[in-house]
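Shared chain: chain A. Partners: chain B in the first complex, chain C in the second.
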Partner chain A sequence: MIEVEHLTKEFVVRRGRLRRERHVVEAVRDISFHVERGELLGYLGPNGAGKSTTIKMLTGILVPSGGRVTVAGLDPSKRRVELAKRIGAMFGQRVQLWWDLPLIDSFELLRHIYRVPADRYRTSLQRFRTVLDLDPFLHTPVRQLSLGQRIRGELTAAMLHEPELLFLDEPTIGLDVVAKQRVRDFLVEINRERGVTVLLTTHDLGDIERLCERLLVIDRGSLIWDGRIGELKERYGRDRLLIVDLERPVPPLEVAGAVVERVDGPRQWLRFRGPAADLTARVAAATRLVDLQIAEPDIEEIVRRIYAGER
Partner chain B sequence: MVEPVLLWRRLVGAQVRSQLQYRTSFLLDLFGSFLISFIDFLAVLVIFHNVPQLGVWSVREVALLYALSSISFALTDLLIGHLDQFPQKIRDGNFDILLVRPRGSLFQVVASDFQLRRLGKAMQGVLVLVYALAALHLHWTVGRVAMLVVMIPAGVVIFASVWVIGACLAFWTTDGGEFTNAFTYGGNFMAQYPIDVYASWLRRFLCYLVPLGFVCYFPALYLLGKHDPLGLPRFLQFASPVVAVIAAAVAGTIWRGAVRHYRSAGG
Partner chain C sequence: MRLDWEIAKRGWRRYAAYPWATAAGVFTNTIFGFLQAYILLAVFRHRSHVGSYDAADTVTYVWLAQALIMTVYVFGWQELALRIRDGAIATDLSRPLDPQRYWLAFDLGRAPYHLLFRGVLPFAVGALVFRVHYPSPLEALAFAGSVALAVVVSLGFRFLYNAAAFWLLDIRGVMTVAITLNLFLSGMVMPLTFFPGWLRSIAHALPFASILQTPVDVWLGKHHGADLAGVLALQALWAVVLLGLGRLALRGGARRLVVQGG
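Up next is the complex of A and B:
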């Protein structure tokens, strides 16, 4: 479905006012990967790592500086219009719906832009109305929708023409827990029930864990991981952090099964692996504990660990 | 060919409907833009009443030129004037959205952000046209009527091409608004007067590089049955549609090249 070989994108940045210096920034550097039909793939990386730039090259928005891209058998930047009929795209921070029009009007316009036959459109819309529960705000102008409602509208807009492949750029950004879950359920549904290939960029590890089998991790333009999510967590995500607030500042605690990473006044960060209960008991036995919390490693942390090459 | 026009009508129609929802505000906008137009018209009248002759052109003839150019320009402004906001679309990255849809990007830019209130600007041209035609007592032949009917769309296409080329600058500079304005709004101003009143370097620029002479000057010579004071070949008086097609092709090519330079914004 997607074939990427040695893909590179350089941007020329000019600095300085009078004597303009030319700097070449490699936003994406020599990336290669393949995606099969029907995969639900996560594309993960810190902000500015090159995720969006990659997606923009896959959808034909940006022309690559080097390498080769084939999406659904087409070269995106050369056959943009043809490709657009077969893919859907949603950018979490952009609005593709018509701001001043009722939601339903946007769908109606998109139907004509994509030349969707009337009967196909009706069945398709009917389904999204049920799955995404659109009816309560179908006739509300888009600018009056909540973020969660709007994202549901955007997802429908991206799927109305029944694409084979769906690109989602940060679809859950800014959503509350309930809304996030709804979006995730929807993605699972279209992937499992309809066999739509989904490529999802996010910096929310939760999205990935609940949705994707396979995961790509990009950082500073380079692909640093391509493999199963389970394996990544097994290798880099097993360590968690126990953050304890003690009664007063003390030297770094020495407890079995944990290493103190950071101390800030009475607060200490302990890195550990395995169940938290035993460790908590040991810490409580060693000193007087006021409060505690457990943190899962976030994406920045995992990326850092991949770099450190740790096991 | 028909289908894109229907789609354009649908897209623009939806925006017009939503603009008309705020009826009072829309009417005020329309009235405001008409009022500005009307004041412009008064200013033109003042000039025409004080200057009897502009080169070999009588004031009434200049009024006709002025009117036809204004109408072409106002229609262009109505159809694609929102290209002025295009640099904003580039800056905030919303141009991305248009590129993932199966339609030409220029078509979509032109079909979005349509503002019906710009219609008010066309009023001034129509008023001056009525004045000029009433004063000139032209002898109407089939050829002249045909010329009048053809020259306005040709003029719109020429102005629009200049406008599109100007908008392409945004792909490189992300903001070249004022520079572009010099050619669009400035171009209108130049085309409103007979080009033989300008210095020869400017005239050549207007005839050949930015073909504004074909918006009005050449067709108007034919309408008025006038000898070209510049002594240029007569076929130029009929060349406007051809020039319009060439200008549109050039603008389309430049646009396509420019889109390949699009850098998009944000992560």
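Up next is the complex of A and C:
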């Protein structure tokens, strides 16, 4: 569905007023990956890592400086309009609906823009009205919708023409727990039931953990991870944390096989690898323990470690 | 065609959604109409003609200009520029629809709304208080065509200076210059026939006259036969030229596009 080979994007930034200096910024640098039809994968990276730039090249809005991109068999920047009919895109932070008009007006106009036949539009819209519970605000002007309602509208707008491939940029940003769950359930449904390929950009690791099997991680323009989430945990998640509550505050403990990561009053966090029993025994021998717990690293911690450069 | 019609309907509804803005605009246009009418009429105390206009022509011009002010959108328009500036243009470009076609259709839906709701009332007030010139049926028909062309020329011009945002991001400076040129050279501030000969020639050679002065002169019956066909053809030519330039700007802009805001 998506083939990316040695993709690169450079921006020229000019600084200074009189003597303008040219700086070349590499927003995306030599990225390669393949996505099969029907995958639901997460695309992760800190702010400014190059996520949105990649997506814009995949949708043909930005022209790559180097490398090769094929999406649904087409070169995006050369055949943008043709490609646009087959893909859907939703950017959680942008309003893609018509601000001053009732929600239903945006849908009707999109039906004409994408030339969706009337009967298919009706069935399609009916499904979204049920799944995303749109009826209570279908005739409300977009500017009056709550964020959760608007996002449900945006998702519908991105999907009305039944795209094979969906790009979602932070679809759950700013949503409350209930609304998030609803969006996630919806994404799982369209992926499982309808086989829509989904590329999901997010900072929300809950999205990733619940939705994606495969993860791409980009940092400073380079792809630093491409693999299944299980493998990621295996590779970066072997370290665990032993959290101990001591009788009173003491300097960081020195015990073999563990490093103190953090101290807060009488509580200390020790990072270790291997069986917990031996370490617990050593800590108990060194000082008086009041309480202890062991924390498995969650995806958030793993991603933090990847960003921090632990390879 | 169906698509353009659907877009145009949204253009109408977008402005119909704010009736109080319309009411405030009608009020302002009417007040300005009186102001300008009395100022220009003062000139006719001492002479019967200025350029090719007599007092009735001039008063008619004043109320037509106020009636058309929103229809041909003489003042600043920056919807496209703002979409480029905040990055929403990415959404537009990710749809199978040409942005220029979209805005043209949208504007052709907007303009009739403004003609009807911003234009008719101020003109009616002016016609009650002053003696205005009414066109013959043929002139009225030509006027309708000329206004439609004026809207397209105006959109072509606005699209072009908005496209500057691809390079400048902030077009306020460009827009101020554009509005000033347009106000003077379209005949919005003063009929072009009041200008000294050399300036009048320049103004008639530029596209701005096609935005306001031409439709007004068509209403006043200043053009007949081949001359009438000529000014309408000139409007059509400017429409094509400006839209063509806008198309080039869009293509060039999209190529160097850096989408703002992530």
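Note that in this section the second predicted complex is superposed on the first by the 242 of 311 C-alpha atoms of A that agree within 3 Å, B and C clash if a C-alpha of one lies under 4 Å from a C-alpha of the other, contacts with A are read in each partner's own complex, and residues count from 1 in each chain.
Assume contacts are C-beta pairs under 8 Å (C-beta built on N, C-alpha and C of every residue); 3 or more make two chains touch, one makes a residue touch a chain.
The structure displayed is predicted, hence computed values, not measured ones.
Participant: Once both complexes are superposed via chain A, do chain B and chain C end up clashing or fitting?
Facilitator: clash
Participant: What is the contact status of A:288 with respect to chain B (first) and chain C (second): first, second, both, or neither?
Facilitator: neither
Participant: Counting only touches as set out at the top, which of chain B and chain C does A:248 meet: first, second, both, neither?
Facilitator: After superposing on A, A:248 lies clear of both chain B and chain C.
Participant: Per the contact definition in the header, classify A:80: touching chain B only (first), chain C only (second), both, or neither.
Facilitator: In the superposition, A:80 touches chain B and chain C alike.
Participant: Do any residues of chain A touch both chain B and chain C, and if so, which are they?
Facilitator: Residues 11, 47, 52, 56, 59-63, 80-82, 84-85, 87, 89, 91, 93-96, 98, 100-101, 105, 109, 112-115, 141 of chain A touch both chain B and chain C.
Participant: Tell me, which parts of chain B touch chain A in their complex?
Facilitator: For chain B paired with chain A, touching residues are 6-7, 10-11, 14-15, 17-19, 93-94, 96-97, 99-104, 260, 262-264, 266-267.
Participant: Report the residues of chain A in contact with chain C in the complex, numbered from low to high.
Facilitator: 11, 47, 52, 56, 59-63, 80-82, 84-85, 87, 89, 91, 93-96, 98, 100-101, 105, 108-109, 112-115, 141
Participant: Which residues of chain A touch chain B in the complex?
Facilitator: Counting only chain A, the residues touching chain B are 11, 47-49, 51-53, 56, 59-63, 77, 80-82, 84-85, 87, 89, 91, 93-96, 98, 100-101, 105, 109, 112-115, 141.
Participant: Which chain C residues qualify as touching chain A in the complex?
Facilitator: Touching chain A from chain C are residues 2-3, 6-7, 10, 13-14, 17-18, 87-88, 90-91, 93-98, 255, 257-259, 261-262.
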